[in-house]
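First chain written, first letter: the chains are A, B, C and D, and each begins at residue 1.
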Amino acid sequence: MIVVMREGCTPQQVEAVVQAVREMNLKDHVIVGTERTVVAVIGDDRFKDRCALESLPGVDRVVPILAPYKIASRQTHPEPSVIALGGRYGATVGGPRICMIAGPCSVEDRSRLLEVAHAVKEAGAHALRGGAFKPRTNPYEFQGLGEKGLEILAEARERTGLPVVTEVMSIDQVLLVAKYADVLQIGARNMHNFNLLLGVGKTNKPVLLKRGFSATLNEFLLAAEYIIQAGNPDVILCERGIRTHEDYVRNTLPLAIVPAIKRESHLPIVVDPAHGTGHAYMVPAMCRAAVAAGADGIMVEVHQDPAHALTDGAQSLTPEAFARTIQEVAAVARAVGREL
Amino acid sequence: MIVVMREGCTPQQVEAVVQAVREMNLKDHVIVGTERTVVAVIGDDRFKDRCALESLPGVDRVVPILAPYKIASRQTHPEPSVIALGGRYGATVGGPRICMIAGPCSVEDRSRLLEVAHAVKEAGAHALRGGAFKPRTNPYEFQGLGEKGLEILAEARERTGLPVVTEVMSIDQVLLVAKYADVLQIGARNMHNFNLLLGVGKTNKPVLLKRGFSATLNEFLLAAEYIIQAGNPDVILCERGIRTHEDYVRNTLPLAIVPAIKRESHLPIVVDPAHGTGHAYMVPAMCRAAVAAGADGIMVEVHQDPAHALTDGAQSLTPEAFARTIQEVAAVARAVGREL
Amino acid sequence: MIVVMREGCTPQQVEAVVQAVREMNLKDHVIVGTERTVVAVIGDDRFKDRCALESLPGVDRVVPILAPYKIASRQTHPEPSVIALGGRYGATVGGPRICMIAGPCSVEDRSRLLEVAHAVKEAGAHALRGGAFKPRTNPYEFQGLGEKGLEILAEARERTGLPVVTEVMSIDQVLLVAKYADVLQIGARNMHNFNLLLGVGKTNKPVLLKRGFSATLNEFLLAAEYIIQAGNPDVILCERGIRTHEDYVRNTLPLAIVPAIKRESHLPIVVDPAHGTGHAYMVPAMCRAAVAAGADGIMVEVHQDPAHALTDGAQSLTPEAFARTIQEVAAVARAVGREL
Amino acid sequence: MIVVMREGCTPQQVEAVVQAVREMNLKDHVIVGTERTVVAVIGDDRFKDRCALESLPGVDRVVPILAPYKIASRQTHPEPSVIALGGRYGATVGGPRICMIAGPCSVEDRSRLLEVAHAVKEAGAHALRGGAFKPRTNPYEFQGLGEKGLEILAEARERTGLPVVTEVMSIDQVLLVAKYADVLQIGARNMHNFNLLLGVGKTNKPVLLKRGFSATLNEFLLAAEYIIQAGNPDVILCERGIRTHEDYVRNTLPLAIVPAIKRESHLPIVVDPAHGTGHAYMVPAMCRAAVAAGADGIMVEVHQDPAHALTDGAQSLTPEAFARTIQEVAAVARAVGREL
């Protein structure tokens, strides 16, 4: 890190910074500029608290140089990670093939789930999504079927061969969800739920980690790092949109994160255009765009009858629309040298 | 809610909306305008999913009319709630007196905590804050002392008489933290952790609920509603800044939420200018501003030696600076007809 | 619009709203719900000020129903507009062909501009961009060559046949820039410069209108409406990124605006991934994504020697990188049924 | 500035950075860390383009150390600037007295303007605001009375002795507005209109410069620098709210900018809570908060009959509400050691 001193700081203040750097077992290097003095700090300062230096008298600010994550970084692991999802057909995320994850927002009942699972399978999906535990902003809304929903998902896996991706909302659900699911999803609202990250980090199931509404890139990769350093290397990142001033979408979907992640990390990245926009009519265009930008997979919501969906109907595709979208995505994938 | 149809929608599409409204056991009222048709929905639609209507053909969008929260609203409970914090001196939040909550970001060791507890008490604080469990973005940083920290906080309460406010990060910590603390703090990163909200809602300790980084006002009050409807009416709201494009602060502190909350809800609201700005030099100004805007309390970080604080040193006041700030806040409080 | 009354409003307050609506020559329709009363306002209220109603006692808020723009809307003009750019080869934006606009951020000198103009032409570009007047945040930075730059651009058009797109920053430059340029660019910082919008609206040159950093979709289309209603129907919209909390990009590029514009307006939309991300390494990915999302064109910065560019070097492609990018874009265009 | 090299960069790449730094007539200082190499650049690099360095191979990013503004900075001018506004009573901004600027959003007609001018004067205002040229997002809305409005404002100054603050929207209006007004206001939408900044910088009238919706602190001070370096030192900064995701306000009012400006610059800062919130009910609270935070002045909209205001009725105070607010502000001013 670089400690930038204020203009007019005293030699004593610079000396105090130097001392503090040495107390951290790091090396200092003072550079007296024409207008500002800076203290360059040499050594691995990832685990040091820069706030301590920021609060010293005469310090203007502290600029980090090293990325705060390590095992999630491309430098530590130059080859892209390819993560196996389970299921009967060897679905993976992160290799040359684009992974399509599809299914209803929430599991509503057995017959509807099985029907849509077959439909997405036929259309070409590689994994089935569906929520058994639903995080709802509104306490009065449908909260999911719980374990019953997990059982239905497991049955759908048996019948279709597709691996199941489903959300775990709380540390006390980890074992239960891991018993049924192939991939544990961490929702955007839980990206900063560090106890939960450690909890899924202790399982041997791949984790699909959604970016928080207002998380930075560093925070997103640090959340992945929590999971990996707890023992689970199989983290799939998922961009699902951020909160901005825009009002024609539910969230703003920032696809430039795809090349940014590819540069900084070895982890695969999947895009969720349904939550990322909130409107079904935008979903096909943003699926194509995500794949064109280099995403490793797409996660979409599919429902037979969006108008009667218990959750997220407005952003769900019908099975027919999904089948068309998957064709469009396949064409774009080929155009960028990949395939479904 | 109001269902706005698209231009050129068909009578059949309007009829389908009407049917869907009736299926929800609500009443419809169709208004044919000169350019748009809208369907006004009459009845309590708080518990209905507007997405279902949004996904119907011919529908442009659905505009909610009712606020989604109910028991947190001022209409349900016109008088402001006054919440007792515990401790020996009858501290409350929400009445005419401004409540000052002060202490270190995290409990680092017994002697330092007791020293700062006495210092903030002498300066005039009404409650002691301090973290035993610390949510850290970076898995390699200090994570708090855990139960040992809670014991130290409890000892500080015995010695100073100040009630203790401390964070509970995870549902498996609720009972433990409730055993030691007077007020359970839910951090910004957990405002959407619904299982945790339900967990603290089942205790009989007041809850200080921090607003999420990018939560809307409705989401903030719905999170309070989760706690209240689980059985715990004693929710103190806390504004701690939001994520924006601004780069001279760690967060943007939006004080207009204070009059907004006063208008919409009966719950008291406290402001945290330390997290809300990230810079100690801004904290006194923003403490004064928060009280001038009508806040019911202030939460600040105080540390004897910010440069050696294990967490958040850059935004901590020294005990001396805190003592000056509390005098300034008291003067502003009197100017707006309140007192400390 | 819909006037939502506050809970507990009086009949007199509702009556005052009704009177105010009638004073506006609009029709009122009062709906008494179980919890709220709303007054639906019938008629074309686009030109009425809803603030007047919002300030009446007992009014909670006013919800607009009609989009505020009219001649920019798809309803008024269902067919997509195809806009001719000029130049020798009949370049257009808005039809089945994707339009590639390329060139340096600013015109630095004659030989460099002519060289890059030939390079982008050979690579397949359809129009040449380059700034003669440069809006610079910093008053000490290079401000452009002014009229000399325009002359160089005009020479480049003669030599390459490519139409020239260049920025006009101020109302006193409109005639001068229109004399040399084929397309007048309005920069993001001027999207709300209404006098300038009227100024270019009085010329007969197509206008490339960039979205403001924090403009909403409505504001963007209203800015286009300013130009069109002043007499110039040839407006090309350009998305160039918005300000958000994200820090790994200079701006966040929200590609979902592409399907949104296609739904709401007949105007073509072009995407500028250089400003939209700020990093050259992201530009090819975002060019591909924009076309996959349905954009009608792409605008990129190309410079022979980005490290010595006077402006925006960090986001400029070399001619070689541009040539590769155009091949990638062409492949994606074919995948979505279009061509370059 | 500090040039941070990528991991694994080659010695040749570092050497190329060193050469580029020397070409800029700056000194280089290479520091080889354990994980990263950085090149510290020594000298005044404010007028150098860091993009040039960012685009060199092997460079990760360039971190500026010096603030980009110079004559607006506190370092150049340690004493706070006190700016005289004109009028008969010697109103100033920036000294110990808080300056209250009040009046309607726009001048609607002579009698209404004179009436409100007398009312705000009696209530204790120090300056009169009112728009003759109105920037309107919507081309169909009231655009102001133009020169007629300026004449009415001038008459109001003669009758009340209050200096007049009014907006200049375009470079071709500068001379006209300067002929009538005492203070030239630059609106938020024009903060980046550099030609206009230079235009008002050539007058001898004080300029009230509003912050752009999404401007950073650096951009705000650079806009002030444009005006000052054009020859006009009398710049008054005005915070009027920023665009964020918040939906209970028209803008988010970030009051922490007040202590930030006080630290970084000698220029006075005024707060506009009407535009900063969009709701009249929040204005008194935010006026008090702004003064408590250290603002040098307040700008508010006052209208006799907000429900019939042609512009911004929803955020205007009545003269009675303004008179109450000014008393509240005076009490807070005294509490922070200032007066009205």
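We adopt the following convention: a residue touches a chain if its C-beta (ideal position, glycine included) is under 8 Å from a C-beta of that chain, and two chains touch if they have at least 3 such contacts.
Bear in mind that the values here come from a model prediction, so they are computed numbers and not experimental data.
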Per Cα centroids, the chain farthest from subunit D: A
Chain pair, B-C or A-B, that carries the greater number of C-beta contacts: A-B
Rounded Å distance between subunit B and subunit C, as computed from the means of their C-alpha atoms: 39
Centre distance in Å when subunit A and subunit C are each reduced to the mean of their C-alpha atoms: 31
Distance between the centres, which are taken as Cα means, of subunit B and subunit A, whole angstrom: 26
Residues within subunit C bordering two or more other chains: 214, 242-245
Touching residues on subunit C, where the partner in the complex is subunit A: 214, 216-217, 242, 244-249, 252-260, 263, 276-277, 281-282, 285-286, 288-294, 328, 331-332, 334-336
Touching residues (chain side subunit B, partner subunit C) in the complex: 2, 4, 7-8, 29, 31, 33-36, 38, 40, 42-44, 63, 65-66, 75, 243-245
Residues of subunit B that touch subunit A when the two form their complex: 20, 46-47, 49, 51-56, 68, 135-142, 169-172, 189-190, 192-196, 212-214, 218-219, 222-223, 225-226, 229, 242-243, 280, 306-316
